[in-house]
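After this come two complexes, each holding subunit A, first together with subunit B and then together with subunit C.
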Partner chain A sequence: MNALRPLDALLHAALLLVLPPLLPGVVARVKAIVAGRRGPPLLQPYRDLARLVRKGAVYGEGTSWVFRAGPVISLATALAAGLLLPLHARVAPLLFPGDVVAFAALLGLGRFFTVAAALDTGSAFEGMGASREASFGALAEPVLLLVLTLLCVAVGQAGFSEVLEPGKADAAVFTHPVLVVAAAALFVVLLSENSRIPVDDPNTHLELTMIHEVMVLDHSGPDLAFIEYGAAVKLFLFAALLTHLVLPFPAGGPAGAGVLLAGTLAVAVAVGLVESLMARLPLRRVPQLLMSAGALAALGLAVILQRGP
Partner chain B sequence: MSQLGDFLLLVVVILGLQAVATSRITAAVRAVALQGAALAFLPFALGHVHGVWGMVTSCAVVLVLKGAVIPLLLRRAIEKARVVHEAAPFVSLHLSVLLGAALVGAAFWISSRLVLPGPAPNRLVVPIALATLLLGFLVIVTRRKAVTQVVGYLMLENGVFIFGQALAVHLSWAVELAILLDVLAGVFVMGIAIHQISREFDHIDVDALSELRD
Partner chain C sequence: MIVCLAAVGLALASALAAAALSRFERLAFRAGTLGVLAACAIAFAGALLALLGGEARTEPLPWELPFGAVVVGIDPLSAFFVLCASAVSFLAALHGLRSCDPARGGGLRRAARFAALSALTVAALLAVPLARDGILFLVAWEGMTIASWLLVGHDEERPAARRAAMTYLIASHAGAAALYVLFALLARHAGGYGFEAIGGWAARAGPGAAGVAGTAFALAVAGFGTKAAFFPLHLWAPDAYPAAPAPAAAILSGALSKMGIYGIARVLLLLVPAGAAPAPWWGVLLLLVGAATAVAGALNALARRDLPRLVAYSSVENLGIVALGLGLGLLGRAAGLPLVAYLGFAGALLHVLNHGLMKSLLFLLAGDVTAAAGTRTLDRMGGLARRLPGTAAAFLVGAVAISGLPPGNGFVSEWMIVTAGLRGAGALPPGLAAAAVLAVVALALAGGLAGAAFVKAYGTAFLGQPRAEPGAAARDPGGAARAAVWLAAGLCVLLGVAPALAVVLPGRAAAALAGAGPEIAAQATGFGRVTLLAAILLALAATLFWLRARLLRGRDVRRGPVWGCGYEALSPRVQYTATGFPEPLTGPLGAAVPRSVDRAGPDGYFPGAAHYHDRMADAAGERVVVPLVRRFVAALGRVRVFQAGRLQLYLLYVLATLVLLLAWELVISP
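Showing the complex of A and B:
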């Protein structure tokens, strides 16, 4: 594997920092258009972030350092995970064997601190949201790991740079129907991990029905900006992973950035369409959805094992 | 060619999992109908072309019977019995999905131990045939409504059909068609039986039937 050139590394950092808030904007726009409205401008999330950063933060009297650390850590882990995943090139700035597991672990750590911060407030609603987030996360993470295992087994390597680099590895795997299965399972994980319909409704305004949104009710100002930005980065990472899985990537540079942009925007449009066309599932049906995705991923893994490494 | 075969077989097993996971009986019927339709193209995808016209007629017959006639019969039975949901299966849907995934894994494991008389045309044929068989058994065992059990029976037959493809060199298509005729007759009889049961007892809950006294 060849390391990333310095220029590409800079481009990687720029893409990782600048692109994410665009995706929620696109999702909101698609939902508005399907519903027959004009919708907010595409760059609205950037403006929201800028507004929130300028404000001051309010902390409840009963909260400890955990509450303050939550937003920072959730953003930091998402950005760190972004350094492990190849974005516009076929390699990431940080690469080591097993970085696929580190990617999942970092996202899990971010979730843990968001949940801990929500519990730290002592609010009943936030505790409920935290419990739901943790239980759905516990079901979504195995599916993500299964999909990653499937990809690693398919190429016989355990690093993103090998797994997502079709040229070097067993190229036949990447045109195989199993890929469709893996992509479908990953898309369900994306919807669940990013609190989208049919698992969670990001626009709901009733605390009882919220999952992710209720956990961040007490955060304000820059803290809320960190959380929103971190959530956007997470969505962007999953979209980029899905794009890498499905689309062939050029070696890097502006062409790669173009493919990445097109792919992630397509994923955002797909998420917007799913949000517009589907109803939210009842809470007790959500585990079944995630288990079905897990069954799909397990099936794909069985097929790959049957083909032999 | 092998890609198309892989794709069809994957579609078949995913539809089988869907039939296991859904609570709506019409969705299960649709899944098994699509499964049958996908199976009609399987011999072509696996490259068994000996006697083109025989193949084409057998595919057309399979497509029409499994994809249209049998589902239509079932749908009429559902309408007459007025059942929509598999209300309370013996095993919860969550657990059936898990069991289904486990059975698929078991099918892959068993097929790695199985010795066939000849080489299979595609490495996925035997495991997916076994998986479809087992998923059919799962549906028959865990569901309460008679219609869903018929769906399980059809999945079972689909599994047998796929297994026949693994041995297609030894098995003439005439035998396949004869089996298909039997299945059609079976579904006819079951449709009538379901209709009679629901008229007699106002429900088609097979669990309650075991408590009958005369």
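Showing the complex of A and C:
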């Protein structure tokens, strides 16, 4: 376990702060192209964020400080989780045994406050979103941890940095082919945790069908910017984790950043394709989707345990 | 040790004082409660000193017990549990000083009796970990059960409380029966009830006694597991905790049920001498029990709308998490992986402390909330944060901590247990590794469900619009109650932010359980990083708060109506309720929480009266335990023919017995 060099740590922070809004732009562009439109510019999310932070804010009547804490905590937890995950290098700035648990728990904390902020409005719509988010989040968490356990078992370690550095030269999947199922299960968790089709539709205009969007209906201005940015960071983190599973990484530096960029963009394209080609599942089927992803990861685990670490 | 014994004596004396002064209710209440506070402070100090000094000694006292001896002792495990129990009882008594005060209309008549019973419970609670003899242990154990039974049934005019107390008593004694068998079995082989004799026997007998040791372990899990409310022996808990007054519920759940964990850990220390290894199935058994307990408890907590009951089910969940930690520790020890064993045991013990703190916080707050709102049902609360801002903030701390989220203390112990699971899954042989994976998944699922349950509880009670107007007197309790709540909340945050402080407390005991030297603790790293992570998180949040304030300075910041799809006449009744909130999950996972619905109307063109009632049951109770108990009672009914109520028959029994005895003396005996 080697620590991150100072320069790489700076690069890590820069990538974590700058890259995320690119992914929703790519997703939107892919969806537009598949639908036969030209679509918005790739950098549109950056412009949206810049516009939102320049605006004032409207707060719902009767809302308390919890409503205002929601966006702040959800962004802070996403950024803090970003310090635990290796991005362009094979190690993260903050590494310790069991950091995978901290990663999942930080995302859980963000969800807790997003849901609490939604309940603070006292609106039926936001309560509906809160209920769905809390429920599906509770099911996504064990699947995420199952995938992370699979990674840990594959290399007999308990933290990201050792896990994502299996063969020094190869990606995890090449050293341990069974991790393909981990990647597949992780992709399902990515779609669910980031409110993507087939679980949620970020572009729907009907409140009754929303999950994440309906929870944040009443946020505006910088608060909405924090939420959008936090959601982009979360998508970016899952895409980075998936990239580390599938692509071989150099030890760090600009080359690593290049691999990371290529990998996360590819994940964004895949998300865009899924969003274009698939229909949404009925809400009552979402638990089944998550449970099948869990079953997939469990199958991978069974194989790897049988074979011995 | 002397200090802890003195604390037991002081608690006992204050119980007697409160009972003797019962005619002067206020005075008796003060005497009892202040005595408990002093006893807890003394016990805490004594236990802390013993822990830090690594004190381990055993001393016989010059008294006699039938079949046993009065032997007391202290070691890191005992000291740790005395520490937990005294901390929790201190917080509860501090809260009770105000919330149960008869002069302040605390809602408790017979305050003197309450104070006496609390003091008695605390005395027994502090005595149990100090006993070093099976008989003495059982005496303290039964004293604890009976005193707490009277506490559960304190509001005896409420049928629900009477019923809950009876269920608790029956369940406790069913569990205690297993303990009698356990100690009798061990004493028969060891030649005495003293713990030293039992430990010596286990060390001598070695692997030859695996059968006896296995039976003893299974008995311990059944007997102590009843007190710890392991699935499916947990049914008494969600009735008993809410029935008791809030400070008593805090003691029951935060400290008393943990004695079940102490019992299991003590039996492990006795049965598995240093250098030996337990059979792998011990760990697997605890893992299966723990996984079922954690998930069932969390799911039931999520489904409930009665606030104290929700908190009670969360206790069931957390004891399941402790069992998962113990199970992982046992697996690690069985497979010769000291780090896994240490992490599992230390995580489990630390969770005992953490859960004691956060659960006493939540039960005390639940008491404040139900008193202020005048109802226990979340569906009739809402918007209470405006009336009770301090209570709401403290509840938020407790909710985050108990959901296992950073920077709460619950995160630290769950992180240790999951890390044990991850390390174990990578290093154990396949079958056992699968059990370790099960532990990780069960913890994650239980954590997610608990998070949903507590965000629901916090959201529906404190946020949004009031669903019913609380009484005019609804405001934050002050004085000692506020001090207790903020002390507990502060400790939850402190132990979450600086876990290195907390983990030294169970360190030696966990190392002993893991069968390793205290130096194993140095291999469990990452506590500094957790502190760093919490600091980074708080700094990021503070920066973002500042950034937003900076951005919004001088701009147009308004209040506007909440979006209602264009519908402006929103009323509090359209809010999501605590019943509706978990619906997406109680659908697919509803088998665990069966619900019976009684509804009528409204129908027809001129709808008349309509009603809707639903009742949630506990699947384990409804489908397993209650039918079993029914069958058992029916079987007992057949024995009742002997007790027919006819004098002639009874005289016949006497005659038959005499004849049989005569026959024994004359014919068989020689």
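Details
By our rule, the second predicted complex is superposed on the first by the 299 of 309 C-alpha atoms of A that agree within 3 Å, B and C clash if a C-alpha of one lies under 4 Å from a C-alpha of the other, contacts with A are read in each partner's own complex, and residues count from 1 in each chain.
Simple rule for what comes next: a contact is a pair of C-beta atoms (placed from the backbone, for glycine too) under 8 Å apart; a residue touches a chain by one contact, two chains touch by 3 or more.
These numbers come from a predicted model, not from an experiment.
When both complexes are overlaid on subunit A, subunit B and subunit C end up sitting side by side without clashing.
When both complexes are overlaid on chain A, the residue A:273 reaches neither subunit B nor subunit C.
In the superposition on chain A, A:183 contacts neither subunit B nor subunit C. When both complexes are overlaid on chain A, the residue A:283 reaches subunit C alone and has no touch with subunit B. Of the two partner chains placed by superposition, only subunit C is touched by A:127; subunit B is not. More residues of subunit A lie in touch with C than with the remaining chain of the pair subunit B and subunit C. By the document's definition of touching, of the two partners only subunit B reaches A:296; subunit C does not.
With chain A used for the fit, subunit A forms the apex of an angle whose arms reach the C-alpha centres of subunit B and subunit C; rounded to a multiple of 10, it measures 80°. In the overlay built on the shared chain, the residue A:42 is in contact with neither subunit B nor subunit C. When both complexes are overlaid on chain A, the residue A:306 reaches subunit B and subunit C alike. Once both structures are fitted on chain A, no C-alpha atom of subunit B lies closer than 6 Å to one of subunit C. In the superposition on chain A, subunit A positions 287-288, 294, 298, 302, 305-306 are in contact with subunit B in one complex as well as with subunit C in the other.
Residue ranges on subunit C touching subunit A, taken from their complex, read 302, 382-383, 385-386, 396, 399-400, 403-406, 411, 414-416, 418-419, 421-423, 425-427, 430, 433-434, 437, 440-445, 447-449, 451-452, 455-456, 458-460, 463-465, 524-526, 529-530, 532-533, 536-537, 540-541, 544-545, 547-548, 551-552, 555-565, 570, 572, 574-576, 580-585, 587-589.
Contact residues on subunit B toward subunit A in their complex (touch as defined above): 3, 6-7, 10, 13-14, 17, 21, 93-94, 97-98, 100-101, 104-105, 108, 111-112, 123-124, 127.
Subunit A makes touch with subunit C in their complex at residues 53, 55-64, 66, 68, 72-73, 75-77, 79-80, 83-84, 94-102, 104-106, 108-109, 111-112, 115-116, 119-128, 130-132, 134-142, 144-146, 148-149, 152-153, 155-158, 207, 217-218, 221-223, 226, 283-284, 286-288, 294, 298, 301-302, 305-306, 308-309. Interface residues of subunit A facing subunit B in the complex, by the touch rule stated above, are 175-178, 180-181, 287-288, 291-292, 294-296, 298-299, 302-303, 305-307.
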